[in-house]
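A short write-up of the structure that comes next.
Each chain carries a letter (A, B, C, D and E) given by its place in the written order, and its residues are counted from 1.
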Amino acid sequence: MAELATTSIPTSVPARFNPWPITIFTILCILAVLFLAPTIGVLLSSIKTTRAIALGDLWSWPDTFYLGNYVEVLSNPSVHRYFLNTLLVTVPATIASTALGVLAGYTFAKLPFRGSNMLFLLIVAGMFFPPQVILVPLFRLFNSVGLIDTLWPIGLVHTALGIPICTLLMRNFFATIPNALREAAILEGANEWQVLTRVALPLSLPALAVLATLQFTWIWNDFLWPLIFTQSDDMRTIMVGIVNLRGQYTVAWGVQGALSLIASLPTLLIFLFFQRYFIKGMTMGAVKG
Amino acid sequence: MAEVTLKNIRKSFGAVEVIKGVDLEIERGEFVVFVGPSGCGKSTMLRMISGLESVTSGSIHIDGADVTHVAPSKRKLAMVFQSYALFPHLTVAENIGFGLMLNKVPKAEIDQRVRKVAQTLQLEALLDRTPRQLSGGQRQRVAIGRSIIRDPRVFLFDEPLSNLDAALRVQMRLEIARLHKELADVTMIYVTHDQVEAMTLADRIVVFNCGRIEQVGTPMELYHNPANTFVAGFIGAPAMNFIDGTVGDGGAIQVGDISLSPATPVIRRGPATVGIRPEHLSLVGSEEADFDARIELVEKLGAETLLYLNTPFSDKPLTARIDGSTAIGEGENVHLKVQPDSIHVFPV
Amino acid sequence: MERENRLWRLILLALPLIVFSVLVIWPLLSSFYYSFTNWNGFSSDYDYVGFENFTRIWTDRLFFNATVNTAIWMIAAILLPTVLGLALALLLDSKVRGSKVFKTIFYLPICLSAIVVGQIWVWIYQPDWGLLNTAIEQITGERFNYAWLARPGSALYSVIVAWSWQQTGLSMVIYLAGLTAVPSDLLEVCEIEGASAWQRIRHVIIPLLTPSTVVVVALSVINSLKGFDILFIMTGGGPFNSSDTLAMHMYNESFRKYFMGYGSAISVVLFLVALTIIGLYFRQLKKVDEIYG
Amino acid sequence: QSGEVTISHYFTGELGLRAFNEQIKRFEDATDYTLKDSPVGHEDYKTDILVRASGNSLPDVFSYWAGARVQFIADSGALLPIDDMWEKAGLSKVIAGSIAASATEYNGHRYLVPFNYHYAGVFYNKAVLDKAGVSEMPTDWDGFLALCEKLKAAGVTPLALGSANRWPAQFWFDYLLLRTAGPEYRAHLMAGEASYDDPEVKRAMEMWKDLTDKGYFTENANADSWTDASDKVARGDAAMTLMGTWITGYWNGLGLVPGEDYDFFPFPAIDSGVPVTSVGPVDGLVIAANAANPKGAEAFLEYMVTNTDVQAAWSKAQGALSANVNVDPSNYNSVMLKAFNTVDDSEVFAFNYDLATPPPVAEVGLSMFARFMDDPSKVNDILSQAATDASAAFKQ
Amino acid sequence: MAEVTLKNIRKSFGAVEVIKGVDLEIERGEFVVFVGPSGCGKSTMLRMISGLESVTSGSIHIDGADVTHVAPSKRKLAMVFQSYALFPHLTVAENIGFGLMLNKVPKAEIDQRVRKVAQTLQLEALLDRTPRQLSGGQRQRVAIGRSIIRDPRVFLFDEPLSNLDAALRVQMRLEIARLHKELADVTMIYVTHDQVEAMTLADRIVVFNCGRIEQVGTPMELYHNPANTFVAGFIGAPAMNFIDGTVGDGGAIQVGDISLSPATPVIRRGPATVGIRPEHLSLVGSEEADFDARIELVEKLGAETLLYLNTPFSDKPLTARIDGSTAIGEGENVHLKVQPDSIHVFPV
């Protein structure tokens, strides 16, 4: 009795322990390890001599980090050239393709017309064939206008090939923006362009970020077009550079690993930079309201 | 002359026809209110006038000009949406000033005009918040502000007050009334569910039902001379009571085993639906009573009290509206009298 | 309204359409033209052979094989990364500690080029000292040197795994973005209605993610064609065509056997197949719009 | 006599590229021409050349593999005959006869100058063989089988084969066929005048199957690249590998010493009375039919093959043999010298399979080898399959 | 005993404290209505009870148990949202049956129960549509249906009727009242802006203001004895008129140059705010009038008429509510009398 009398009822029970976060965390850790393994492999290959790799101890953790590959890559002037060229192609092409996608996507999402679906389908279809199909015609096209062995055709082709996905993505995203917003803006006297730039785009940061990242990554990592459209070494891009590290009979694994890692840094940075915008999808919550 | 003219407007969403031929003339400076049950096409009608929704057939004229195919922004009208349609990425201030910004109005002037509007709508404190941080009511006020700020010649409101609290609703109502007075030649078209808004704001009320106009007229016309049972039942709250009866010789009406004699005898003989407004039923002494009833439910509203009455001659309870001071309880039996001059008779 | 809209459509669509037609549509058509010739790529002259190339397809054992593989590839390439990505997104969405780090780790592979990804996976699958077999040996304790990429039975699937590894991060990111767009009040309804975590995902989140799924699938399909590179590097369609896809087959015929005409014919077929796929995909899209648009 | 000469080549990789640029330098110094070169990894090289040919914008000069591939381009009329230049420069006296005959002449015209060539032999790890107590190398088939048996008994896998990229397997087919059916027949087969299910082919394949059945080959041949296989030999996991002389370049790169760590012996004779044949590829230089600067192109070709310094340096760097008879053999290390002499002594020089038969057929054959290595027991189906595919390919 | 108990609840969004210490006891089966100006925290309070919003401090008890940190679904309550919160990918029927589906109720039973609900909400025709194809009102009805279908012990409504049209609103109101009667021991907490809803549905009304409770009581208590001017002004529509005055000796009230004498003399002397409800002002002959006024605006609602009166002693117009039949026009001068027994006096 006494105990009972003295036991006081808490005014508020504390939040109960929740097992989920820790479980999820462990699962994620395991997955993370699995996902990292191959990348680690690249890293390892980049800090070992081609000889060591050839003799089959790629996966062992080296006691001495051989940095010669990096030195060789970074000290190579044509590598710098490759980087510059790749940038000169990737950045404009990314912007251009995204911009065109925005234009088309907005039209399909907010200004549908009879046959617009067919047209949209045609454009989207443009991403369902292997690029090799148009290799020869495009080469002839650019050759006839004397653009071969310049960076132009690469940028142009990537812009064009980017249109389908950009259009698709932007269209879907714009579709989620309530028409009421567009209508309100129009009644306020906005023309379509203003609706696009002042209402639709500000709300589309997530989609734009995703697109920019993807396009940048894809264009950056592509090596088919640069290979075909450029010939002289000082027009080559980084990926062609990597491919050309493969000799007719030999491959310099170490150097290739090093260059590959360095080459993938920009795309990673782009991702890290845009990442925060991905989540800006938040705004949608309010848009719906 | 007519400011807004609707000529045989029809609208279909795919197969479903939601507006089935609407003709309407709205005078300049007139305040017209659309009422009607949910889903009857009020919003759709309004959107077609604004130009946001294309008409399936028929034509719309504003100020004499056929604007059926003119761009919304060219129609010189403003609209307040049922959904707030605020720009999530802009602050309240920017939302209100959006239109001005588009028209390149100098920053300073925008600011000053925005403040003024914000004041009338009690939004000063929130000018820097984004819509997401506002409660429902606050959002709708911003929306109203946005359309009030640039003074168009036709105002379209789609239930602008339906999310405001009672106090504010009354205030905004008077606000809009005042606005209407001030802008004498601005035409206003206003969709609402709210009896009081409709009755008080409207110069004319347009009653919609299933995409058709049931009746158009001043509030009092609709109140006193509803064209049919639908309007009669829709205008006036609580709704009119309907009882099946027959008009006998001498124009008296036989309802169940009791007989009501309207002030003005009814001409058409035969079965009819009798309409009696709750406010025209009054409690009286047994001797002068038209009939007796049993109180099923009492709703005390303070100033007045609503009684729901079970009667022998009607399966669903009759509503009576009596003074709030009357002390009365559920289950009691009462004697009722009908105001002879306010009995409505509709042919069936 | 309509008149303005028409004008604006013109203005907005002009540029994209021009670029697209000149640099994609036209080349496509002209390459389709070769499908009616016996052009070998080198000689400047060639003959018009009508539908010969197309009739030949039906007698082409490798074409059939490639078609089957393409189907497998497509399905797996769409399914695996999508499902995996969704799973990861859901896990990460529950605001665990260090989710930013995890996100980056899972995304990392996309940043790597097909060349290096292909190479590293070759090393993983290497029968004698590859990571995979070594691990298996560690676990089972007995010698294991199955040649994943060299056996017709496993080559294609081994590449698919590598491919999924690279692509998962992408769908994850898209889904993460999509998740933030799920209206909170709907999730609140679930809380009140007492939906279990699984029910919430199954009945509400996944359906509401449909717009994202539309995108993810689209991306997967595009990439599955980009997947050509990694396939090319890891198996080159081998061993003995066991991992050929239509794209690879088309490449072999055109660039290794110099049957440009026939190669074009294959790509025509490939394109038609694609069109039908998109047709279906589009019906879906329409529905999605009606519901979520 | 000046101007720019454009050239595409597949001599990539740090070694290849550096060496080649040195030779270019030499040429530019020696003449007033400037060269604009475009190196492409050799996998993509074929595509690149094809695309540029289709856009008729081939470079003035490009390197290509002598044999059926050049034949194919020549047939397509995309190449410029160099008979005049050949005469003027008297290349017939400069270029080794065995090569000149097979590699440079197509449809009765000279089209190609050999830049260097390789020879395929049985390269082995000296230490391993010593340990197994093998002193002299087999010259006939039984001797070879005995050697393999001995090695196997000693616990080393006799033969390493890395056919992941298919082509390394072809040397086995080439030599087995050449040593049994002989060059004549093989030429017919390569030209489509014989069938893959002929008894001759069957016999060769049976012998090959015999080797695999006896377990003389390393496991998972299809999983290893040729370098993996070479590494196995270098490490001593396996004893020998049938490979081209470029393996010396690779092994030297890994620090092995020719003659001490490794050596080779020619593929042993099988049937008597069959002409002794050497197998290998020839890297050649050709001129595009619509070359912008044909004069410069010819000058370049002539210089590259005739200049002994270029040839010496280049073949050294590539671990290849020079087609120029005037190159001082002392440039070669002991192994290469041996290879040089072997080729010299052989009556016929034949291109390895994928250079000997038209590309479409080569595809069929290479796949056939891979399939054979995957499951030798299916040899008969494989051959009949190959027969039908090959005849189909020839028809196109 | 108390079903729902709130102990000193506080809630802050970041720096802004929107609920500033709320204590409340709600009996089992009681129908409590939260009213208050927009943005005063009604929804927030409701969401905290439901568990959707965490409390910053204080504790919530349901049925004696502390549920402050219990998952919403474990609190055995249902909620109807201000935003409809319908699942866009589900048909109306599926939306309504959602909860049952989750609990693995057999398909047939779900169907049948859904139909029943759909009937009461007049949704039969729409069962197969998706939310997007519904008008505002239709959507809200679906939302109500979803929570009605599984019978919880506590019902939370956040302005469930605010989007319904007048007729339907009345009907739904009675519907909910009936519901409340039927489920005698289900507690209901109801947020609304609508006077009538509050007065008619509530057993007790809780008046919120700026995150605090101003007064709790039955509708009639609040109507007749408001604790302060805020409540007085908030309860009853049209709102009570407030006039500055002073209580003189003898408990009479001096307003401007006229004097009002309440039925019960006021004790506290000194300056005071006098409150008079519009319905307690009546038009009379000049002799018995308390004061005269000039009519600024007339609002005819049919049964009754609202007068907005300019008086010497109040800068903003007084509202008077008189019978609808009275013929009267703007600009006229009228004589008014105040019901002595309904004069409210508040200290300033």
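Annotations
Please note the rule applied: a contact is a pair of C-beta atoms (placed from the backbone, for glycine too) under 8 Å apart; a residue touches a chain by one contact, two chains touch by 3 or more.
Being a predicted model, the structure only gives us computed values, none of them experimental.
Note on connectivity: the fewest chain-to-chain touch steps from subunit D to subunit E number 2. Across the structure, the highest number of inter-chain C-beta contacts is found for A-C. Among the remaining chains, the Cα-based centre furthest from that of subunit E is the centre of D.
Subunit A and subunit B, compared by their mean Cα positions, are separated by 54 Å. Subunit C and subunit D have centres, each the mean of its CA atoms, that are 38 Å apart.
Between the Cα centres of subunit A and subunit D there is a gap of 42 Å. Looking at subunit A, residues 56, 136, 191, 243, 285, 289 sit in touch with two or more other chains. Within subunit E, residues 83 each touch two or more of the remaining chains.
Residue numbers of subunit D whose C-beta contacts span two or more other chains: 47, 51, 54. The touching residues of subunit C, when paired with subunit D in their complex, are 38, 40-44, 61, 125-128, 145, 147-152, 236, 238-241, 252, 254-260, 262.
The touching residues of subunit A, when paired with subunit C in their complex, are 20-21, 24-25, 27-28, 31-32, 35-39, 41-42, 45, 56-59, 100-101, 103-104, 106-107, 111, 113, 117, 121-134, 136-138, 141, 156-157, 159-161, 163-165, 167-169, 172, 175-176, 191-193, 196, 206, 210, 213-214, 217-218, 221, 223-224, 239, 242-243, 253, 256-257, 260-261, 263-265, 267-268, 271-272, 275, 278-282, 284-285, 288. Here subunit C touches subunit A in the complex through residues 4-6, 8-9, 11-13, 15-17, 19-20, 22-28, 30-31, 34, 41, 88, 91-92, 94, 96-98, 100, 102-117, 119-121, 123-124, 128-131, 134, 162, 165, 168, 170, 173-174, 176-181, 183-184, 197, 211, 214-215, 218-219, 221-222, 225-226, 228-229, 246-247, 250-251, 254-255, 260, 264, 267, 270-271, 274-275, 277-279, 282, 285-286, 289, 292-293, going by the rule given at the top. Per the touch definition, subunit C reaches subunit E in the complex via residues 183, 185-186, 188-189, 191-196, 199, 203-204, 207-208, 210, 290-293.
On the side of subunit A, the complex with subunit D involves touching residues 50-51, 54-56, 135-136, 139-140, 143, 148, 227-228, 231-233, 243-252, 255.
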